[in-house]
Structures are given as structure tokens and as C-alpha cells.
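The same chain A turns up in both complexes below, where it pairs with chain B and then with chain C.
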Partner chain A sequence: MSDRLAVRKTFKLYLGGAFPRSESGRTYAVTDARGAFLANAAWASRKDARDAVVAARGAFAKWSGATAYNRGQVLYRVAEVMEGRHAQFCEEVAAGEGLSAGRARAVVDAAVDRWVWYAGWTDKLASVLGSANPVAGPFFGFSTPEPTGVVAVLAPQRSSLLGLVSVLAPVLAGGNTAVVVTSRERPLPAVTLGEVLATSDVPGGVVNLLTGDAGEIGPWLAEHDDVDAVDLTGAPPAQAMELERLAAGSIKRVLRPPAEEPDWSADPGLSRMTPFLETKTVWHPKGV
Partner chain B sequence: MTHVLDPGTLAAGTRPGPGPGTAFDDVTRSDAALRAFLHGLPGVDQVGAEQRAATLGTRSIKTTAKAWAIDTAISMVDLTTLEGADTPGKVRSLAAKARRPDPTDPTAPAVAAVCVYGDLAGVAREALAGTGVHVAAVATAFPSGRASREVKLADVRDAVGNGADEIDMVIDRGAFLAGRYLEVFEEVVAVKEACGGAHLKVILETGELVTYDNARRASWLAMLAGADFVKTSTGKISPAATLPVCLVMLEAVRDFRAATGRQVGVKPAGGIRTTKDAIKHLVLVNETVGADWLSPDRFRLGASSLLNDLLLQRQKLRTGHYSGPDHVSVD
Partner chain C sequence: MTSPLFEYAPAPESRSIVDVAPSYGLFVDGEFVDGSGDTLKTVNPATEEVLSEVAVGTEADVDRAVRAARRAFTRVWGPMRPADRGKYLFRIARILQERAREFAVLESLDNGKPIRESRDVDVPLAAAHFFHHAGWADKLGYAGLGPDPRPHGVAGQVIPWNFPLLMLAWKVAPALATGNTVVLKPAETTPLTALLFAQVCQQADLPPGVVNIVTGAGETGRAVVEHADVDKVAFTGSTEVGRSIARAVAGTRKVLTLELGGKAANIVFDDAPIDQAVEGIVRGIFFNQGHVCCAGSRLLVQESVHDEVIASLQRRIGTLRVGDPLDKNTDVGAINSAEQLARIRELSEIGEAEGAHRWQPACDLPDRGFWFPPTVFTDVSPAHRIARDEVFGPVLSVLTFRTPDEAVAKADNSTYGLSAGIWTEKGSRILAIADRLRAGVVWANTFNQFDPTSPFGGYKQSGYGREGGRQGLAAYLKGASH
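The block that comes next holds the complex of A and B.
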């Protein structure tokens, strides 16, 4: 038995490309599926959420201005780097969600594949969702999808990795930047995902991961004037309607929570990308 | 570090007089006397000053105190635009913002002044007529101060003639660092005279003076020469206004009042971008020199982007939710 001291990890937030502790100084204990202590995670406060929105807004111009092709490459790179951490993700998912080793591996595989799937979509969205419109006049009218802006995402509470990737990747693929409140009980895979994002060419601020309580931070994000859309997937069911009401104050796009947390392994389709895309239509005069 | 200078030790044999300069006529009589005086000022404890400023920066200001601090800070802002690309139109829009910083909320106070280059002072004066918002103009070959004295004085007269009632001059840092203190002193005196009735703010450009000792000496030199305000920086050099350097200058104006009875203002400028920074400065003022300085006549914040952050925080306090940059005017 070695008498080497254990090097324990501090689980922090991922905010503006850096890994700060919560501004509030708070932490909370995270347990595995059987209730045994796993780690202390940072417990994000409303001020962390405010800082995250500032970071996301700052990063929006560069990320939305990047070519769709480049965004696809970056998202594919996330999958590559995640693959290198496969074992770590398996361990965290198995502990947090109480899955067998084999089942956890399948979940991580699916999460990596989901990045690849959305990476492929970035430069196809305009062709699939955009159109050349038939117009009754001497104009050429065409429509293209544009990112909505800063999207606040309340990530699923149960599926801590596959669910998280399934709600985050579609937001990024469209060119939005994201402020994500992770699963409260199972935040550890999200912290590791933050480390993956930090090392895979995703510009700082494009993704901000706050570990903590969606019920506490959600209202501040829903009400925030500088957030353009909210995804309420992981909101406490009793609070969802109130969050939607708060979001109406600044006319946000709202993606309502499903009645039941869905099976994330199913084919996602376009349903999670289109709510965070705006259609821009241009009328161009036709020369003779 | 927080030692108050005893007037008796400052100018041996002289009593504090009622007006500027009278207690210190001796020390400005020759270059040697001025050097002896400035180098005789107690040295600044660098570690102590930085620690004191950092400690005061941790004060938590919340709710009603924060609301008061935000409104006070807004009323102290010198809304500044000092770009080569400035136009009369930009100055006019800045003036409109100065009189009514938040168009959605008439209870937001007006700022203290608009700070522009001298040639645009006339535009600012016209746009601000009858509002009580001052027009400050930078002069004396701002920001470098590298011009002959005639040119600098002409620059000042021109700005005053255009309608500026506050002049922000830069000192000749080259001369100061070379130890030609009397030359700097005489220049400030000459500029003060050229200002006529306009208030004179003397920019020390502490980022180029390097040490806190130099900041203290330059503050004293400027005050002896008749400055109405001492100002940290041009905003063109980094580091600009830092909390410790502001602390050193506040101590200098406090000691100067104790010695002469004349109250000189302080203006940190450059690098103050957030409400938190502004509130830290207000705490520093209150704890160092007291409430006498907590007014736009004695303390200013030179800034451009700060005002929008103050307004965002003000909106947050008013509405209860976070605001965004789309809800304040773009400069």
C-alpha cells in the first residue's frame, strides 16, 4: 500500500472559459446513486448566472459569426476530445446514475456520437430550414436560419451526460451561446464536459456550465433581459409555468419541458435546434 | 501609512495660511527648495497602501446603500470621449446622455461633466447650456504633454474660449521624472492663470510616474501650484487609475487641507468600468478623507463605459431582474 497523498479534485464551474469557484463560495455534497458521498460541487448563485450571461453575450459575436463549416469542425473536435476521456465519463455516469459498467459505456458512446451528429448539422441547417421563396413580384426572396442569441438551458435532472449533451449541442450547432444549469444531483459529468470543452477549440464563454439548483437560478435566467431564449427541460415541474411567465417579460423564446424526461437515446431530429433559430427573410430586387 | 502630516514639519517656521500657497511660499522659491520639500514628504508604504485599498475593496454595499452609491457615482461621472474619431454629432449625443443618462427613468441623476477635446468644447457647451452639467476639456497637448509652453497655454486659452469651464491638463512627466520639479510647477501655475475662471484638473499620469512616492510628490506639486483637482490618468496609458494610487492621492489632498485649509478634489480616470469598481472608490473616499469629499465638486470618476454599467445596476435595483446592454444607450 502506497502512502502517497490523494490528489483530490475540486469541482468548479465552467464560466467564460475559466474554472472559477462559485462567487457565493457555496458548495454542496454530491452523492452517488446509492447515497454514498462522491464530491463537493460548486453551488452556483444568481451572480454566477449573471456573470455567465455576460460571458455568453461576449462570445456570441465570434461563435455566431464563425462559418457553419468551422462550427461543425469545432463540435466534432469536442467528440474527439471526449472520446479520450471515455473511461472517466463512464465512471462518473455509472456512479451518478447507478448504471452498470456496460450500460454506462453505451451512454457515453451515445453522448459522443450525439456531438458528431450535431457537428454534421451545422452547415446543413441553412439548406434544410432555409428556402428560396416564390414571390409574386420582380424579387428574389430567400429565408435563412439565424441563431437566436444567448440561450439559458436548464439541463435534464436525470440523464447527466447524454441528456446534457442532447440539450447543449443543438443550441451550439445553430450558432447560439449557452448558459447551462446542470443536473443538481448529478453534476459531475458536466464538470468533466466543461474540461473537454475548454480543450477543444470551443471559444471561452460559448458554453458556461453552472452546477447547482435549477429551481434557484432558473427564475433569474428566465427574467434576465439579456437572455434571448430558455430551454426549461430540467426545470422543476411545479415551477415551469412561473418560469414561462417570467420569460414573457422580455419576450424570450421558451422551449417547454416535456411531461416526462424523454429517452435521450432516441433519434433527436431537428426538434431541439429549430426553437433556437430565427428565420431571416431577404427580398432582393431582380435586375433585368 | 495613514499618518497625517503635521503642518509644522512641512514648512518649518510657517503657519498654515488661509489661502493656497501661503504656507508654502518658501518651498516653491527655488528648484532646490521644492526638491527638498517633495523628497521630504514621508515615503508611501507600498505594501500597506495596496493592502489597505484591497481591504476597503471587500466592503459589501447592498440594497439602499447601493442605490445611494450608484446615484452618487452617476452624479460624479465625467462622461468622456477622447478619440481621434470624435465628431460634433458624437459629442452632442454624449451631451444628451449626460443630461438624461437613462431615458426610461427621469429619476436617474445627470452626470457631473462631459469631457472632450478642446476643439469640441464649444459643441458640448451649446448642447449643455442651462443644464448644470459642466464642460471639461483636455488641454496642454493631451495626452503626452509634449509641446512647448506657448502651445500648451494657447491650447488652454482656446478650450476656455470655446466654453470649457473645466480644464484637464497633463503635467510634463519627462521633466518631473528628470527632477525638474520647478519647471513642472511653473507650468501648472501658468496654466492655472490661463484658465481664468475655469477649474483646473491636473493629470499626473500615475502609470508613467511608476512609484507611489512619485504620485504623492506630484499631487503635492500640483496642489501647491493651485490645482483644483488632481487626476490620476489620461486613460491612454495602462495602468490607469488603481485603488492604491487613488488612496495615495486622497491622503495627499487630506494632508494638504490640514496644512493649508484648501480642499482639492480627486479624479481617478481610466480603467473604472464596473459599478463594483466605482463603489470601491467611494468607500475609499469615505474611509480616507471622509464625507466632505463625497460630492461631485470634490470627487469625480473619469469614465465612458462605466455609466452604462451603473445604469444597468440601477435598472436591476428598480425592476428586480437583471438588465442587458440592449436597455441602455450605445455610446
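The block that comes next holds the complex of A and C.
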């Protein structure tokens, strides 16, 4: 063992491409699975959530307007940088989730592979979900999937990296921007993922990661008029119905929480992408 | 100056083809039964004549209908061979075609829409919806929605008064094709074609309980939406009611699709062929008296052609014939109800009060019935109520823009996102602008086109889910991603 004094990290939010503290000045203690202190994480507030929505809305035009091929490359780049942080993710997942080193490695492998899988979807969605519509008239009509907009994601509480990637990557692959409330007890892999995103080519504001309490911030996001959709996966079960009611105020798309946190290693299919896609249909007359 | 109207002799469609009973019960489990509550009168909005009395379904009536639908789902419709389900739908499509005149006349009587539209649009499209979906019934495995997509069970459906039969078809055809059974609540003011459709179900020997029709008003609709044994809720109507339905299904296992209001921008660029654009503007806002959720109610016209477009538009509007819905020459019929007329009047008065300029053609309106002339507001600012609120009437708000960026910004400056129009000769501009508009349906150099193969539905507060096409099937299948 070296006698060098370690340089500890300050864990902050990832918001609009920067790493601010919570404007509230609040932090909370994060412990490992056995209760030992790991870090003080920023405890995001309502104001942070609102700032994150502004950042996500601001980033939407460019991200949704990028070519699908470009989005695919940017997302693939994220997986490359994740791979480079593999050891760090393993440590954090092992500590937070109480997994053996081998099990943590498998989880991180799956998370990187999941990100790669979604990166490859960007330029397939329109072929798979779109259509040329054989209408009964002299018209050329086609339908394509488009991103819903700003998606608020309450990330899973237990699976701190694979679960997080499994809810975030599909939102991004479709061209949405995201405001994510991370696992409250296990936020450290999310903070590291923020650093990965900041050092890959994802434009600032496309992903905003708020460490804190989904039960506290969730309602503000669910009723925010500039949020287009909410994923309630990590919502406190007793609060899910109230969040869905709040979301109804501006006719948000709602992905309801599963009865219990699913096995994230299962093949997700399209089930986490289509809730955040709209179908646009364009008609044009044919004529000489 | 002589009247711009050509002289036409009246050409009324005979109403003798329809036989409206003095009263109707509910259609439950394959037969007409008495309701357990009050009745309501449905009137001809063009004359205020009472057409019939229909039952106001109570919670108990809705419960009876849902139980019939559940039984039919479990015992008959669910287990049925998909090809046979398809054959029933083909039968229904054919009967609708055979009885098309009857439906068209009844629709115009009950709704007030011109017979030209009910005859040429509503009824043929309704038949087409059944015909299209009939073919899907035994091909669902090919729809890209999973290898063995399953129905939800009982679908509770609530539809509006603007296209009574067509909205029924949009709801019932995909629900049945995918193996669901249905409890449908038609609009309070337009129940008659749904009740005639019930007779079509009998004529087609559709098994009892597969389609149940419970008439009534808002409370009846609420009972359908909130019934604990309804698996799937589909609603078309106002955003306000859509919100309350979304709240009502929150926390349940019910699956919801909503097709709500709109405030579509119809964008006219300076290179558009003006005459064609004017036809499109007229079709966009005066079709069905503007009682269209996707109506092109905000005209965005490029500043350089504003005066020319407005002059041409006013000339064209001067030739529209407003009056008897059953006259084949009529272009614009009656407003559907006194209540809707009051709302149109109120918003128009607010438009003037806020500083916009109202223009209406000289036009004689019948003495009785509910009427509002085609109306154009100019000098409208984006903050005006008539530029933001859905009027749901023959009222066009005109705004201007200078650049394509400004057109897109103004078009998207709405809580709604159902439809939009683009008029320009430049193809590349159409595609670029269509990409940027946050709307579910974009009509380029056309407007208000509908087809069962073409997904329809909104962005933002215009709702979610699609109706029509492969994508529309997803709403009625379990775990199906579109």
C-alpha cells in the first residue's frame, strides 16, 4: 500500500453539460450495501429539476434533428467511453449493490452491451416502425417515428447501472432528451455515467442526471408543462398513481412502473422505445 | 354587384329513406333494451326539430353492457378463428355500403353536416375502415407487433359528435379486428347513426355482446371509462375531457389512447399556387363546419402574398352555400348544437374584443336551427384567444410570417400538435418543414385527407396513440409496441 493520501471526488449533478452542485446546497450521505459511508451526493431540488428541463428542452432541436446515423455514432461513442471506465463502474456497482466482483463485472458488461444495442437502433427505427401508406387516392403518404420530446425518467432504485442504462439509452436512441432522477440509495454509477456522457460526444443538455429522491422531485417533473413524457419505473410504488394523475394535466405519455423492478438482463425489445415515439404521417398529392 | 352565388334549384336528398323511431333503447348483448334512467332528445340542428328520444345509460346499464362484452370476449369473440372475425367485419363493411344512403341522410339529419360530405366522406370512409380492418383480423402476426399479439379484452370507447359514424368505425373496426369486444358511448347530440349501426350488427349476425352501444351524456361516458372490468379505454373529444379520463385511469391497469383537440397551422408560402391553396384553406377550415379536431384553423400566410391570398379567399368564401344540410348543393351545414354555437359566438366576440378584424360574407341564414357563417379573422396575433383556443367552428384566424423559420416557430407555438398544412411548389421545402413541425399529420398541398391505412393522431396535448394503419392496431393489442 502506498502512503499517498487519496484525492476524493465531489459527487455533483450533471446538468446542461456541466457539473453543478444542487442549487439548494443540499447533500446526502451515500453508503455501500453494508451501510459504510461512500460519498456525499448532491441532493437535487425542485429548482435543479426545472433547470434540467430547460436544458433538456434547449438540447432537443439539435439532438432530434441530427441524422439517425450520427445519433448512432454518438451513442456508440458513449459505450466506448463506458468500456474505458469499466473498472470504476465495477467498483461502484459492487459497493452499491453489494455484488461480488465477478457479478459486478457481469452487470457492467451487460450495461455496456445494452448501450451498444440501443446505439444500433437509431437508424433502424424508421424502417421497422414507419410505413408507406397505401391510401385510396392519388397521394404519397408515409409515416415515420419521431421523438416525443423531453422525457423525465425516474430510474430504477435497485439496479444502479444496468437498470439506469436500460431506461436511459432507449429514450436517447429515439431522439428524445432526458431528465433522469437516479437511484436514491445507489447514485454513484449515475454520476460516473454523467462523466462518461460529458467526455463523449453527447451534446450538453441531452442527458441531465439528478441524484436525489424520486419521491420528492418526481411530482415536479410529472406536472411540468414542458415535459412531454414520464417513465415512472423508479417511482415509489405508493406514489405512482399520483404521479400519473399529475402527468395527465398536460397529456404526458406515461410509462407505468412495473409491479416490481424487472430483471434488467432480459431482452427489452422495443418496449422502452415506442412509448417515447410519436408517429408522424405526411401526405402529398401525386400529379403530373 | 351581382351575387357571386350561381343560381341553383334546391336539390334536397329525400329523407324518406330513413325511418327514425320515436325512441330508442340501448343496444346490449345483441338486442335493444330499455335503459334504467332518463332519456334525452336528439334534435336536427338545422331545424331544431326533435328527431327521437334516446336512453341515458346509467351505471347499471353500463355494467350490463360491460358484462355482456366480457362474456362475448371470453366465450365467443376471443376464441373465434381470426378469419371468421374478419368475415364478420367484411359483412359489416358491405352492409354499410349497401345502406350508405340511409346512413348519409341520417347522419346529416342528426349532425347537421352537408349531405355531400356525409355521402362522399363519412359513410364511405366508415365502410372502408371496416373493410381494411377485416383483412387484418387473421394477419395480426404479420403486423410487426410480436408473433402472437393478444387483445386486451373489453374496450370502452367514447366518441364525439363531429363524425358520429366515422368515429365509431375508427374505434370499433380495429377493436374487433384485434379480437376485443366493445362498449361504445356515442355523443349526446348524435346517437342515431350508432343506433342504426347496432341494427347493422344484428343484420350481420354478429354474436351478441361483441358490440354494445350505450347512449347518454358525460356521466354515461364516465361510467364506461371508470368501469372496473374495462381493459382498454379509447376516447376522441376535447383535451379537457381527455385530461379527466387520463386522471381516471391513472393507477389502474387500463390502457388508454386519446385523440383530442387541435389548432392546426395551415402554412402558405409565397410560391404556392394561390387558387389551389385557397381551395385547401377552405377545405381545411370549413369542411364539416370546422367541427374537425384537425381543422386548419390557423392560416399562416407569408407576408408578401397575404393580401392576394385573403382577397382570393374572401371571393371563394362568398361562393360557399350555407344552409339545408340535406340539399346536395350545400357546402356548409348547421352548427351541431346550441351549446357549440354559443361557444363559437363567444370566442368570435373575444377575437374582436382583443383587436382582430372579423370578416364574414353576406349570407342568408335560415331562421331556425343553429347557424354560423364562414368567418375569417385577420390581424390576429399569436397571443389572441382565437389563435390559441380550439374554436371547433367555421372560424379561421390569419397570421403572417416572413421566413420559413418564423413559420415553423409560429406553427409549433401551440399546446396542440394534431395536424398541419404546407402549401408550396418546392418539394424540398415541404419535406424540411414537415420534419420540423410537431404534429401527427402533415398535409402538403392538400388538407383533411383520411384513410384507414394512414395513421392519425396527435403530438403534445392533442393526445396519444394512433388510429389507422399498422400503427393503429397497437392500441388494441397487449404489449404491442407500434
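The rule we apply is simple: the second predicted complex is superposed on the first by the 283 of 288 C-alpha atoms of A that agree within 3 Å, B and C clash if a C-alpha of one lies under 4 Å from a C-alpha of the other, contacts with A are read in each partner's own complex, and residues count from 1 in each chain.
Note that in this section a residue touches a chain if its C-beta (ideal position, glycine included) is under 8 Å from a C-beta of that chain, and two chains touch if they have at least 3 such contacts.
Keep in mind that what you see is a predicted model, and the values were worked out from it rather than measured.
Enquirer: Just to be sure I read the superposition right, which of the two partners does A:Asp226 touch: chain B = first, chain C = second, or both, or neither?
Expert: first
Enquirer: Of the two partner chains, chain B (first) and chain C (second), which one does A:Val128 touch, if any: first, second, both, or neither?
Expert: In the superposed model, A:Val128 contacts chain C only, not chain B.
Enquirer: Which partner chains sit in contact with A:Lys280 here, chain B, chain C, both or neither? Use first/second/both/neither.
Expert: second
Enquirer: On the A-aligned overlay, A:Arg50 touches which partner chain: chain B = first, chain C = second, or both, or neither?
Expert: Touch status of A:Arg50: first partner only.
Enquirer: For A:Ala238, is the partner it touches chain B (first), chain C (second), both, or none of the two (neither)?
Expert: Touch status of A:Ala238: no partner.
Enquirer: When the two structures are overlaid on chain A, which partner does A:Gly249 contact: first (chain B), second (chain C), both, or neither?
Expert: both
Enquirer: Residues of chain A touched by chain B versus by chain C: which partner has the larger set?
Expert: C
Enquirer: Examine A:Leu5 and indicate which partner it touches, taking first as chain B and second as chain C; both and neither are also allowed.
Expert: neither
Enquirer: Identify the partner contact of A:Leu270: answer first if only chain B is touched, second if only chain C is, both if each is, neither if none is.
Expert: A:Leu270 contacts chain C only, not chain B.
Enquirer: Just chain B (first), just chain C (second), both, or neither: which does A:Ala259 touch?
Expert: After superposing on A, A:Ala259 lies clear of both chain B and chain C.
Enquirer: Considering only the contact definition stated at the top, list the common interface residues of chain A for chain B and chain C.
Expert: On chain A, the residues that contact chain B in one structure and chain C in the other are 249.
Enquirer: Any idea which chain C residues touch chain A in the complex?
Expert: 128, 144, 239, 242-244, 246-247, 250-251, 258, 260, 415, 430-431, 434-436, 438-446, 449, 451, 453-457, 459-464, 466, 469-471, 474, 479, 481-482
Enquirer: Which residues, counting only chain A, touch chain C once they are in their complex?
Expert: It comes out as residues 65, 128-129, 131, 133-137, 139, 141, 143, 148-149, 228, 240-242, 244-245, 247-251, 253-254, 269-271, 273-275, 277-285.
Enquirer: Looking at the complex, which residues from chain B come into contact with chain A?
Expert: Interface residues on the chain B side: 320-327.
Enquirer: Which chain A residues qualify as touching chain B in the complex?
Expert: 50, 53, 57, 220, 223-227, 246, 249
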